[in-house]
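Down below are the structures I want you to see.
Each of the two complexes below includes chain A, the first together with chain B, the second together with chain C.
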Partner chain A sequence: MTEQPITIEPKKLRVATCSLAGCFGCHMSLLDIDEKLFDLLKVVEFDRSPITDIKHCGPCDIGIVEGGVCNAENVHVLKEFRKNCKVLVAMGACAITGGVPALRNNVDLWDCYQEVYHYGIGLENGQIPNDPELPLPFDRVHPINEVVRIDYFLPGCPPSADAIWKFLTDLAAGREPKLDYDMVHYD
Partner chain B sequence: MTKTCTFTLDGKTIPFEEGETIMEAASAAGVYIPHLCHHPEFKPHGSCKLCTVNIGGRLGAACTNRAADGMKVESETEALNADRRALTQMLFVEGNHICPSCEKSGNCQLQAVAYHLGMMTPHFTHFYPARDIDASHPDVLIERNRCILCELCVRASRDVDGKNVFGIGGRGIKSRLIVNSASGRLADTNMSVTDRAAEVCPTGAILRKRHGFTVPIGKRLYDHQSIAEVPVAGMKEPRRD
Partner chain C sequence: MIEPDVCDLPGIVERWGKDPANMVQILRDVQESCGTIPSDTLDQLARLLGVPRVRIEATASFYHFFHAESHGAYEILFSDNIIDHMAGKEALKAYLCERLWLEPRKLSEDGLVYVDDTADIGLADQAPSMLVNGHAVPSLDQTRLDLVAELIRAKKPLADWPPMLFEIPDNIRLAGPLTGDPFAPGAALQATLARGSDATLAELDAANLRGRGGAGFKTATKWASCRKAEGEAHYVVCNADEGEPGTFKDRVLLNSHADLVFEGMTVCARVIGAKQGLIYLRGEYKNLLEKLQSVLARRREKGLLGNSILGEAGVDFDIEIHLGAGAYICGEESALIESLEGKPGKPRNRPPFPDRCGYRNQPTVVNNVETFACAARIAERGGAAFAALGTPQSTGSKLISVSGDCERPGIYEVPFGVTVQQILIDCGAEDAHAVQVSGPSGTCISYREFDRRIAFEDLPTAGAFMVFSRERDMFEVARNFTHFFAHESCGFCTPCRVGTSLLRNTMDKLAAGKGSAYDMNEMKNIMHILRGMAHCGLGHTAANPVVQTMEKFPDAYERRLKKLDFEPAFDLDGALQTARLITGRDDEWAHLAND
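Moving on to the complex of A and B:
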């Protein structure tokens, strides 16, 4: 019997991303790493993500969550990510602190809805959406670490493309992510 | 006058004059000790505890403890910086510090100290306290969501402006910045936008109106330089009293 040469393809890291109560700005910043996305795709493959449009997260190495938790669906998605991802990353101000959506935390939810759907400038005959398909909103927006355990935090509104690149390449290389002073900001 | 007495701070020899605090002597020697409620122009307050140092085995605030000849002080230790980071995190969750929507972002000392200490998350459960805004004054805004109770405005208004506009009312978690007028509104005081109290706030709690976001991102005070490298205005002239 002749021995077959063994070639081992380096296993790509499987990465899932999602946006909860965020503005997709962090995902835009992720896309902002531009042509380096091709380099990134040599070492990672995407699972559930707005980029792939896969609806549910399977087993992954890294999960990246943008946005805080503002409704029941956010909690389901977040728990699915925690269950499936070895390493879970909170990306951006909203995931880490609640961010701009948390500005409503001291406004009554009903007052909020009235303002948005009834009294907003230019609105006529407004009505508050009540379709049963819509997720149940919470009275307050919460950072994701108040719901599940988070392994890493990547602050910024959004984090710069450079910060995301450095963070992901450090993680992919098995290093503890370390960002320069310029790359860490809360806004 | 040459300073004849010395103490060591993290092994470095720091000269000082009789009566100087550890903070004053360290600042004059160009050594940064993290702080928020301290300002060289005003009497020490000793409340934020960020400047806590190890003085010969005992912990104390560098801004309130006087330097003594031959004393050994430690500041940049892993344990002290971990405590400082935890204190800063608590300040963040106690208020509503939403940096992306704050005019002071980039020039804020609370944010800058957090950057300096490597704070990647506020970690603790957010309080999201209900605090109010006082926009009654034509030129000065009070945003209590961002107040850290350092009392710098209280000291500036009382000691420099001679107006005594501000105070801290309430106890414990209910402590809040109050205004010395019958209505409690800033508009009903003699506060002026040129007062020292209008510009001394380390966070975005007291702001001059119509000056928000004038400096673009990338050119703000702490965008590229750590607070340890940016001298606070007046730091070269330690308090004399």
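Moving on to the complex of A and C:
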């Protein structure tokens, strides 16, 4: 019998993703890399992510965060990611600047509550909920780099599938991620 | 509707020739007679001038001194430079507010008075200072503010206030060829007419005069290139928008040596073939306006302005004064031209430079006040005499505006090449620890570098010279400057609009004792973005104060760092307080640890 060459499977990168105050559009764009997802899965495996439905992340190589920080729960998630991920990436406009959810920063929080729970169309005897299970909102929406240290910013609303693919494959190959101009140019 | 007797809009528009290019001047007059620029005025102006309302609104909303809401009968703006802070500005402002029973940035209950801050008003040698309805009141102390409070409560019109409140001495401590020697109005012009334009240009070239606004471009080259440029008309513009904090030399030149400046402009007009000149006087120097108008009138009487100057047929030139409205960026020559044309003061793309495409897209020479004064001296005495002073690359003298921790703040006219140490000895600042040369956008030098020289070869300057003693906190100096730049960024380009705000926010975070090494790195990154990406000089230099003080006075920063790695930008638990109050929650999940 001829001896089989020993092949060592390269260790896959462990990746966690989450969406905070965002619209999941960045995650949709991640799925938009289509058939290349199979190539991607050859080099990465997913930990906590909307794709896997794992609720808490363990030690990971890369953490990808979509959306800004709008409530206390977001902070807990973000800190969990920072604690467990070697590299933390802010993906998309909301994570980087606060984006669309941050439009509420010009509206008083009390007015927001009133509008939603007291004066909304069809509401009768509306009451402001005080259940501890509900995440408590901040008075403003913040970009995630104001709460934890972020290593990379992946711009776009959403970043295109190609940009995400390029970014992840660069990281997986141990290269400094670099996006060409046409990948961050939108008009 | 504005009552016609309160604000005569058609009259104002008529006075400015129904020309939308005079929009800033028109809005100034509206603001002055109405106290505000109400929304419906904009509609009326649009109709009278035949331009879209948005164009007027763009200008009206750009300038700090224009506002749509009432600021009462008395609008008080405290100069907010670090020098004013060092002289006790914050305490004095609080004192006045207390005396008048009001809060800053809020119109008093009786609608009478409004108190706020404004960028440096060109009185750093007489700090702290303030503007009352645009008129400068220097050397504030409690006694003077007591008087001001009494006058306001008695509702005395500003015209009846004691004149001593508005007295502004020149404080020339060391005179030189510009400020010390007598000047006979007309002497430089006569020499120019006798010599001819080519020879005058040659004298200017021999003098090797370089622009005094800070950039140091060779004046003869600028004039020659403008002269050569083809156009329907040529213009001479004097940049008297002296907005760089700590600079006040133009105030003094215009107050006491206006003839020299006007004559320099007229010489320039003769050389480049211009019929019209404009002075862009910063709004903060409104108190000089009347005096300057009278000097102009006198010069017209003497035949030094107007048609056939000095009896020479075909030599026609006159000067008009335009007032600014509180925008530092208008000191940049292309933004200044935009403002002269009635638009928001946003810098143009350069090239083309104004010498080919300036005011009304015609060839225009834009020079600093001091440059024109130098040009007059050169025309009068010749280039060689001028070049005898100074260094080979920086000829002549320079007016230095000294302020801060010294015994004798004021104007020092020194030959180029003088050491910082020498000026410090002259002004009585033996225990100086640092000097900010040429204002926030200039260079911060520490006590280790006091042997450096004021010259284009070493330390170029527009004139500011702010002295800081050992007790001063250089971090606070830099922080004050970041607030200044964030306020004065014109908002046209994103790197500057966002970058200056991020710098300010990060410096405030450090000031609150919540800094980390990460923030220090971020500020360095922002500096690179500003230097490489900003549209104009404001953005390019906006990070200088931070980067230079970080390098030269690292202790001032390091003792403010809470952590080496990272610290959130805001109080996590505190930011939940509003929602806790609204929901009445106080459970474990309604709190965050600020670790």
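Convention: the second predicted complex is superposed on the first by the 162 of 187 C-alpha atoms of A that agree within 3 Å, B and C clash if a C-alpha of one lies under 4 Å from a C-alpha of the other, contacts with A are read in each partner's own complex, and residues count from 1 in each chain.
Keep in mind that, in the parts below, contacts are C-beta pairs under 8 Å (C-beta built on N, C-alpha and C of every residue); 3 or more make two chains touch, one makes a residue touch a chain.
Predicted model, so just to flag it, every value in this text is computed and none were measured.
**Student:** Putting chain B and chain C onto chain A via the overlay, clash or fit?
**Tutor:** On the shared chain A, the partners clash.
**Student:** Which partner chains sit in contact with A:140 here, chain B, chain C, both or neither? Use first/second/both/neither.
**Tutor:** After superposing on A, A:140 lies in contact with both chain B and chain C.
**Student:** Between chain B and chain C, which one contacts more residues of chain A in the superposed model?
**Tutor:** Of chain B and chain C, more residues of chain A lie in contact with B.
**Student:** Just to be sure I read the superposition right, which of the two partners does A:128 touch: chain B = first, chain C = second, or both, or neither?
**Tutor:** Once the two structures are laid over each other on A, A:128 reaches chain C alone.
**Student:** Does chain B (first) or chain C (second) touch A:87, or do both, or does neither?
**Tutor:** neither
**Student:** Quick one: classify A:109 as touching chain B (first), chain C (second), both or neither.
**Tutor:** Touch partner of A:109: chain C, not chain B.
**Student:** Pick one for A:72: touches chain B only (first), chain C only (second), both, or neither.
**Tutor:** In the superposed model, A:72 contacts chain C only, not chain B.
**Student:** State whether A:148 touches chain B only (first), chain C only (second), both chains, or neither.
**Tutor:** second
**Student:** Considering only touches as defined above, state whether A:43 meets chain B (first), chain C (second), both or neither.
**Tutor:** Neither: A:43 stays clear of chain B and chain C.
**Student:** Across the two complexes, find the residues of chain A that touch chain B and also touch chain C.
**Tutor:** The overlap between the chain B and chain C interfaces on chain A comprises residues 140, 142, 146.
**Student:** For chain B, which residues count as touching chain A in their complex?
**Tutor:** It is residues 92, 96-102, 105-106, 111, 114-115, 118, 120-123, 125-126, 128-131, 217, 223-224, 226 of chain B that touch chain A.
**Student:** What part of chain A is in contact with chain B in the complex they form?
**Tutor:** 90, 93, 96-100, 102-103, 105-106, 140, 142-143, 145-146, 150, 152-155, 157, 181-182, 184-187
**Student:** What part of chain A is in contact with chain C in the complex they form?
**Tutor:** Going by the criterion above, the answer is residues 72-73, 75, 109-110, 113, 128-130, 132-133, 135-140, 142, 146-149.
**Student:** For chain C, which residues count as touching chain A in their complex?
**Tutor:** Residue list for chain C touching chain A: 518, 565-566, 568-570, 572, 575-580, 582-585, 587-592.
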